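We just call them A, B, C and D in the order they show up, numbering each chain from 1.
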Amino acid sequence: MDIVVIVLTVIALLFFFATTVGLLRFPDFYSRMHAAGKGDTLSSLVILLALVLYNFHEINLANLLVAMKILLIAVFIFMASPTATHAIIDAGYESGIKPWAKNPEEESP
Amino acid sequence: MQSIISSYNYWIYILLMMIGLYAMLAKNNLVKKVIGMSIFQTAIIVFYVSTGAKEHATIPIIAHGHGAVEAAVDVAHYANPLPHVLMLTAIVVSVGTLGVALAICLGIHRRYNSLEEDEIQEQL
Amino acid sequence: MIWQLDLSILTLIVICAFATIMVKDLLSAAIIFGAYSFLMCLLWTEMGAVDVAFTEASVGAGVSTVLFFAAVHQTTRRVRTRKSGRMLAKVFALMAALLTGLVLIIAETDFPGFASPFTPASLHLSPYYITQSLHDTNVPNIVTSVLADYRGFDTMFETAVIFTAGLAVIAILRRYKRDDRCDLPEPYVISEGYPDTIIRFIARQLAPFIQLFALYVVAHGHHSPGGGFQGGVILGASFILLAISYDSRMIIGIMSERLNILLGNIGVLIYAGIGFLCLLLGANFLDYSVLSKVLPATDKIMARSHGMLGIEIGVAIAVMAIVISIYLNIISHGKYDKG
Amino acid sequence: MSFVKQAPVLLVIIPLLSALLVNILGLVNRRYCLPVAILGILGSFAASVVTLIRVIENGAISYRLGGWPPPFGIEYVIDHLNGLVLVTVSFVSLLAVIFSKESVKQEVPEKIPQFYTLFILLVTGLLGMTVTGDAFNLYVLLEISALTGYALIAMGDNRALVASFNYVILGTIGASFYLLGVGHLYIMTGSLNMADLLTILPGLYSLNAVFIALLLILVGIWIKMAFFPLHGWLPNAYTYAPSAAGCLVAPLVTKVSVYIMIRIMLSVFSPLYVYSIIGLSETIVWMSVIAIISGSILALAQTDFKKMLTYLIVAEVGYMVGGAWLASAAGLTGAILHIVNDALMTLCLFLFAGIVIYKKGGHQLQDLAGLYKKMPVTMAAFTVGALSMIGVPPTAGFFSKWYLILGAIDAGKYHFMAALLVSSLINAILFFKVIEISYFEPKVDHHGGETEKVIIDEAPLTMLVPLIIVALSLIVIGLYSGDIITNIIQHSVPAGLL
């Protein structure tokens, strides 16, 4: 059980790392948001899953309830995080930021 | 090392306080001043909450089994709740002040069309 | 208490504070300030102050940031790059800050060590609260019992502070009729919403859950972190979410200005009223134990617990109404376009 | 429930409830606002008078909020000192609220319910600050009075917003310093109750942290009371506030801050500590000398009548701070008496300024021209206020100045005495200038230029009556100041002082 938890946490951290690198290194606003939105959501989900499993070294009602709550958080993140990304990108689009095309643009988040 | 740990929180609160105070007095932009004000207030909250922390103590909610009668409560086992209560109040006060300060900023911007202190002074 | 975490979070906090002050764009400053608040919130969880962390998460990181956004949105983002003036003010401010820092450092040398369990602060009053709370009030969350009972009077005025702030914002900003001096549209008359189906759909789906969670936080404050303030702020935030994703007019449709003011009043009135009821029943102000005379099937200790629940509900109502009211007043000053 | 027994808490709760009621009724019809506001403050006034009488008869009262014993719960402590301040605060706010009727209609017609709610909340905050015996409770109420103060000032004319913003920034620094000082006390002692602190602190007097706690609290309160180098926010804020708000804020906020300073000095730290151990007395008396002189000189330089009054407040704060730090019984007596007197004198002058603004629409000195003929009663009351400010014998101002000077002589601080005399002289010049303008100068054609023959044109009765009452009370207090001192103030001066 512990090994699974560790593996999941490490995966999540890797994704977080990738997200951060993407956020910093990608050329324009849209691809940066792309990295942030996707990587962030996935790694949060994975780390929450790890927490659920970690919580279960002793199975009883209280732990089950906590696990349920964590899963609920996961569901809400799954709904809210992509929407937020969408909203930001949409706002960027509306305020006229052009996508990257070989020659670097000035971006303003 | 031990001495650093035992005062690091206090040093940081002092540093935050200085940052906030500097921003409140030196910045030209009104919203920046308000941000400085918020930092200043959170610095004090850091200070108070630090006074309540205890080593090897958990959150101040007494573990209670459903229906079970507890043994005597071990004081060293729970963090000091009093600073937490005080700081709840302080946080609420600071958001109140923030709201009023921002409202005044908006009012000023509406009248003088600027948030820069010197530009406003010129118009007076 | 994990000191490594403590140290690293504190360092990050200082970096955030510097960045907030230095950055030239007000919107970025507001975002960094949000991050700063979240780090604070982590720090407090780490120090065992979960209730404070919860409040900071909902109030500091949530509402404050939204208010900053709204204010910046209504004014201007740019901080003018300065002419080389204000040297005097800067030097003066630097001196003041350094002096304060110096004085505080001197005071710091006398402090008992951080996180020691043997400080006066941990030995004088708090043992009483920790050992007696459950016995006196039947509330396991000591912070709630101290907040709402032992120091309930503070909390009543804390609610009054929020109420005052709401009123103050109305008093400063609200315009009832067209004023020739300003060419901005009247408040509460807002341009077209932001037509985006996805955001609207998700917001509409999430809002009831947020409200449900808020009610849970209010009702469960006796046993877990949370209580009236946090619950009230979250309730208010759910409306603000709708206001951002649809437009403010919809929220005004649900919560008209009059209703809002009325609710803010009623919230504080519930609190003060419960206190006053205690007076009428012959005890001191806010002495809930006397409520057992009017509540069926409660002894004095449970009466305290119920009294606290009552005031938490009052606080939640007041805080919700005021948060919405402050937001609406600040956001509705100009053209409302997008989230 | 007995009114007498519960009076200590009722004097805060009645205004709070009436503030809420005002706001709710304001949604229905704004005509209900004023009567409810007056009733609320009247109730509070009654409660504070009852409390003061009880204190005079039986000694200090302690009231347990929530029924919890003091160091654990919050406690209200009323002794002679704050009993007197309570009555003053509620009396002044009663007069100010009656006065506000016409002036609010003229200046903030759209926001009457909000104005009155904030107005009463400010009174609540000030009363609560005065009555509490808990250092942190004081902070919460300090913030209530501060927030209402910001809002009330921001409701004024054009420049009020900027003035109010500066007040927000400085006021927050002040309140935060106070909170930080209380935090230092808390970390050193673990307690927040003033009486409890008084018993614990003597063992810690040698520590720097305790000294710095006092310093932080003092600086915080000094910002709030606009003690000289920290007075920057006050003149503009009070000048541009709506006149009804100015009549409440100007007399009370600074005085209550002075009260708090005295309370902290005597009831949290001990006279022994503040006067002997730390040796700040000399410095602070010098600072107040500078405050008095510079406040007076700046007042002399103003052409705006209301602004002139605000600089006089700065000078008066110097009187009280200096008197409190003279380390002599007479000086402290003078400072406490001056809290009462100065509240009334400032009220008198600001009411007068309010009437002038109501009638003339401006507060420059020229607006006063020719007023003696047009408003004889108003001007008579103003003259009483001015005489009291100068310190002419039958009026109240003379007696507090007398005690301050006695105190200065007792303590051997002759520079303070000199400052008092110089300031009285400057006040005399100042007010004779004002009286000269309003008495002799013909109505210059600033306002339409018509030289119609003088018609008696007094302000409405709701404005005039408070002014007359306050002028009379200045004389009455002057006549009875001996009684006030022996029955009330004497008991609040610690026995160890000279």
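Basically, contacts are C-beta pairs under 8 Å (C-beta built on N, C-alpha and C of every residue); 3 or more make two chains touch, one makes a residue touch a chain.
What you are looking at is a predicted structure, and each value in this text was computed from that prediction instead of being measured.
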Two chains sharing the most C-beta contacts: B-C
Separation of mean Cα positions, subunit D and subunit C [Å, integer]: 31
Approximate Å spacing (C-alpha centroids) for the pair subunit A, subunit C: 27
Where subunit A and subunit D are represented by their mean Cα positions, the distance between them in whole Å: 56
Contacts with 2+ other chains: residues of subunit A: none
For subunit B, residues contacting two or more additional chains: 17, 21, 24, 51, 82-83, 86, 89, 93, 96-97, 100, 103-105, 107, 111
Sites on subunit C at which at least two other chains make contact: 104, 108, 111, 119, 121-122, 125-126, 129, 151, 154, 158, 161, 164-165, 168, 172
Set of all touching chain pairs, with the criterion as stated earlier: A-C, B-C, B-D, C-D
Contacting residues of subunit C [partner subunit A, same complex]: 28, 196, 198-199, 202-203, 205-206, 209, 245, 338-339
Residue ranges of subunit B in contact with subunit D within the complex: 17, 21, 24, 30, 33, 37, 40-41, 44, 47-48, 51, 82-83, 86, 89-90, 93, 96-97, 100-101, 103-105, 107-108, 111, 120, 124
Subunit A residues touching subunit C - in the complex, by the definition given at the top: 76, 79-80, 83, 86-87, 90-91, 94, 109
Interface residues, subunit B side, partner subunit C - complex: 5-12, 14-29, 31-32, 35-36, 38-39, 42, 45-46, 49-64, 70, 72-73, 75-76, 78-89, 91-100, 102-107, 109-111, 115-116, 118-119
Contact set on subunit C toward subunit B in their complex: 1, 3, 6-7, 10-11, 13-14, 17-18, 20-21, 26, 29-30, 33, 36-37, 40, 43-44, 47-52, 55-56, 59-60, 63-64, 67-68, 70-72, 74-76, 79-80, 82, 85-86, 89-90, 92-94, 96-98, 100-101, 104-105, 108, 111, 113-117, 119, 121-122, 125-127, 129-131, 133-134, 140-143, 146-147, 151, 154-155, 158, 161-162, 164-166, 168-169, 172-173, 181-182, 184, 223-225, 229, 326, 329-330, 333
